[in-house]
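Across the two complexes that follow, chain A remains constant while its partner is chain B and subsequently chain C.
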Partner chain A sequence: MTLLAFFIVNLAYGQSNMVLIKGGTYIPLYGRDSLKVTISDFEMDVYPVTNSQFLDFVKKYPKWKRSKVKKLFADGNYLMGWKSDTELSEKQSLNAPITNVSWFAAKDYCECQGKRLPTVDEWEYVAMANKELPDARALKSYNAYILEWYETPKTFNNDIGSTFKNYWNVYDLHGLVWEWTFDFNSVLVSGESRKDVDNDSNLFCGSAAVGATDLMNYAAFMRYATRGSVKAKYAMKNLGFRCVKNINK
Partner chain B sequence: MKYFKLIILLFISILSFASCKQGASNKLNDLAVYKCVMGCEGKRTYNTPGSCLVCKMDLKAIENPSKVIADNAISDESIFNLTTIWNTEEGETIKLEDLKGKTLVLVMIYTTCKAACPRLVADMRNIEKQIPKNQLKDLQFVLVSIDPETDTPKRLKSFAKENHMDGLHWTFLQGTESSVREFANVLAVKYKQISPIDFSHSNIISVFNPGGELVHQQEGLGVDNKETIKTIIELTNKN
Partner chain C sequence: MKPSNSPFILLVAIVFLVTSCINNQKKAYDNAADIPVSREMIAELTPPPNVPTPVGVRKAKKLIVNMEILEKEGTMTDGTTYNYWTFGGSVPGSFIRTRVGDEVEFTLSNHPDNKLPHNIDLHAVTGPGGGATSSFVAPGHEKKFNFKTLNPGLYVYHCATAPVGMHIANGMYGLILVEPAGGLPPVDKEYYIMQGDFYTKGENGEPGLQAFDMQKAVDEDADYVVFNGKVGSLTGDNAITANVGETVRLYVGNGGPNLVSSFHVIGEIFDKVMVEGGSTINEHVQTTLVPAGGAAIVEFRVDVPGTFILVDHSIFRAFNKGALGMLKVEGEENKKIYSGVIQEGIYHPEGGGIQAMPNGDDKKPTPVASKTLAEKMESGKQIYMKTCFACHQAEGQGIPNAFPPLAKSDYLNADVNRAISIVLKGKTGEITVNGQKYNSVMTRQAISNDEVADVLTYVYNSWGNNKTNVTKSQVDQVKSSH
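After this line comes the complex of A and B, so read on.
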């Protein structure tokens, strides 16, 4: 009996495969006026969403098929590598992360699982961990790993779980694909009369405050700048996503 | 007992999986189509019961909705593809598609804003002033709040009154955090909450044709709005 119960739990949770992220306060490299950001507890997918999972999603919600998707919600690169509406190409692995999806598709996918996309602050909070530490941002090895990945081509073809398991038991935040976030384009706001004076000093004051190295600046700057440069309907071959969920209290 | 709880848990997770929004919106479309009995808005129809935006009379369900739906076809790039539900300053709930048929002039603001928004609102009024009065009926000026928590329909209504934007051709919309973010992404408007009462956001006024396709965007504060007005007048003349 207990064994059966255990099995059912595993089934129910294995399906979603999420882990608890204990909230806390941290200083993002770039972002708000007030330097500190407080994150509440939440659950995060252990892995990015895979080709196989997205294939099931598209079959269930045909409006997200490549031939059906509205131009408003995805550009011409949407699911570009697939052989057809419901088939991957021979080169694509079922267990590789889904890429070439727009923000709208990613958001709808998460909502259809009763989840949501992580905010930039939540994503960065989890992603600043290495294997041992919740915040490894000041370590040379942590930053070198990320930068080395940025220089490695076609990591999006690798299977999920092929990078390291971090402090929170989450895989693949660095080393596989870039990931959509809910408010991805909210940081480098331009054209705001009060704030538009000197973007650079705004950008770098946060990192100066934590005594960051140049490596760290560079790695994070790449992420924030990329987020600021994409549009929600873009589908890019190195940009995937994972979902998070609020803790019901 | 423990076992029983788990079964319940399993059921709940299956149920929540099924309750995705696509299923919900399909159901809506299958229902009857509603129309103003006075015909003040021409062929315009609604998917939900409610009242006419012009004469405020109750809408009436009409027969053979299939034909009407065919008439209502919208293009791939129309913002009416967004199926989220919004509250207006009048306390009504609408879909963006309910604004179909008029040229839309749209801006995203929040009412507690002290810096840029008063200028944006002034720009909107300035644009309105330069449109010939007889064309205003073919236009809808829409102000979408990026602070749905603070900007309740009631607050939006009093903001409309204070700013002399309470006419029929002004609409204020309150969404949810998620629907507002989605909408901003369609418009390429960026915003971020920088404190509990303040947002930083880009200042963009967008013009849509009656089919909901983006035709023109004016970026910045107090900029020359000649192009924007020209676009609006061209669009309303075509109607």
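After this line comes the complex of A and C, so read on.
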């Protein structure tokens, strides 16, 4: 009972429910030793933004209503499935992650909370943790979990918190929905992923051939490919977001 | 004189103009890129083993192809499912039929429920990535691009999104045929067959939803090698058919991702093979090589009736991993070409006694829990399909003059203990089933008592038999008796 109460309180104050991520250095999938990336300390939302939270946001900022939104900032899939501008459909759970939102909408949502979208590196840095380890990428079970999710249809309507709490006390980085990142297109996977292996290209190679540190981490390849396939105005049924915040010292 | 001449000259001139115009249209274009297109046409797309209507003599057109990508669970073999990624909902994807000079307007739509981005590389495309560069599309979106078909031939298409091998391994491939001007010569029957290799966490036959196994894929250690996406897609009721005297053309592709196919039809010789799907024609061929990411067109006339088995003649794949299909030919026997059995007898160089293959698999424990009839039926069906199907056939109909029927079988229904005994110990010699005499050998079946109970229950509860529910203790009893 107390646990349930705690959970409800958590959700109600979800916007302020963040945890500290201690920065560090890591090698991204597409990197080499010379391409280590250093991450500063920051705070991250414990859960992805929910339908309920986004509903409040839309009510407060009518320019993000489905009927009002500018076509430049959101395509025809934006908030698809909602019954009206301010109502979900019966099938959608209030505590499921918001999906079918564009990058512009996600970015604005975070900024309105005094936050921002995570960078790809920040997101990947936190998401490489499992329950016990900050970097679990080498573990078979870590990859197996993610891949099993990829093969499970319609996870977008599951409630937040229904996957696992990772090393940083962050939930649902794997297992519910893809998440927008601030610079989602900075690591380019072009449409022709086999072309991206050119050695003169410093960008990510989607081909799983050259340039990646862990050729077996194909879950991550699929994540980068997904980021490469979207444009900022796109909205997708399996794509949501969460926010992060700088730490002011 | 003059006035009467001029209409004639005019007529001649018109005839000349008209014919020269026709001649112009019939002339072969040195460069297929110059072939003009007239009118639009929506392409007919078909799931395997069907192919769209031949192009015949139609002129080059703007051909509109609309293809949808669906990620969906399907059956790999009885009891085993797999998450397929598909072009058009089938593995292999929908067959596309064009002619040289067509201007194809290709729209690739990625279903909103899908998790992943995809694209398409058509080997029939002259251009970057075979179209992959222009067709990379996120779920819930679509992309459109155009290409002109420059070379006649049979071409593979596939997804080329990272990790490429995985997209292909999950079933994202198919065939696009580019016919020459005037079309391919007409035949009686045409079919679409495409091989693919699959890599699953569990070994071949392990039940349940099986995940993709990247390590096995990298090691090229396939669990399933199949035609048209699953075990049994071309056997039993799904077999392709023809009549004696007809000419059959098979469009054979190989999606890979890894294995090269040695395509063979048991009991037929290919009259013609369009080698690698191109213009070279080879004749009188037994087995043709189909590279991964390649194709071949084979043609043959069927002269005698019977079931002709399609295999990858890298033969363990056929009988142990699924690469097996059937062509059923109906019609008049032709004893001159093939006699059938003329005489049959028992040959015992080492004296009597029934021979059994060593099994070495006795250690497998079987659960003792009592099963429901439905569970027994399910398990029994699987055992039947593995062990009994080849002789007694899918519907228990048997094979005339060789193997007795199990369907509505008076012999079977008369005595359950005798039936158990035959499965356990084998049977040699003449028996009469439904008024027909059979004289053949059934070897002892190396399956557990539990499995004997299941398979016999399945047989007794199928095809109009007397619905006996055979228990394991019944089997135990028969086994220990003499």
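The rule is simple: the second predicted complex is superposed on the first by the 203 of 249 C-alpha atoms of A that agree within 3 Å, B and C clash if a C-alpha of one lies under 4 Å from a C-alpha of the other, contacts with A are read in each partner's own complex, and residues count from 1 in each chain.
Basically, contacts are C-beta pairs under 8 Å (C-beta built on N, C-alpha and C of every residue); 3 or more make two chains touch, one makes a residue touch a chain.
Worth saying up front: this structure is predicted, and the values here are computed from it rather than measured.
In the superposition on chain A, A:94 makes contact with neither chain B nor chain C. By the touch criterion defined above, A:20 lies against neither chain B nor chain C after alignment on the C-alpha atoms of chain A.
By the document's definition of touching, of the two partners only chain B reaches A:63; chain C does not.
By the document's definition of touching, of the two partners only chain B reaches A:104; chain C does not. Of the two partner chains placed by superposition, A:247 touches none, neither chain B nor chain C.
Applying the stated contact rule after C-alpha superposition, one finds that A:35 touches neither chain B nor chain C. Residues common to the contacts of chain A with chain B and with chain C across the two structures: 189-195.
Residues 71, 73, 83, 112-117, 119, 121, 128-129, 132-141, 160-166, 209, 211-212, 214-215 of chain C are the ones touching chain A in the complex. Those residues of chain A that touch chain C in the shared complex are 75, 77, 80, 144, 147-148, 150-151, 153-154, 178, 189-195, 206-208, 216, 218, 221-222, 224-226, 228-230, 234-238. Those residues of chain A lying in contact with chain B across their complex are 1, 4-5, 8-9, 11-12, 15-16, 31-34, 61, 63, 70-73, 103-104, 107-108, 111-114, 116, 182-183, 185-195, 231-233.
Chain contact summary for the complex, chain B toward chain A: residues 2-3, 6-7, 9-10, 13, 16-17, 19-22, 76-79, 81-82, 115-116, 178, 181-182, 185-186, 188, 190-192, 194-195, 200-203, 219-221.
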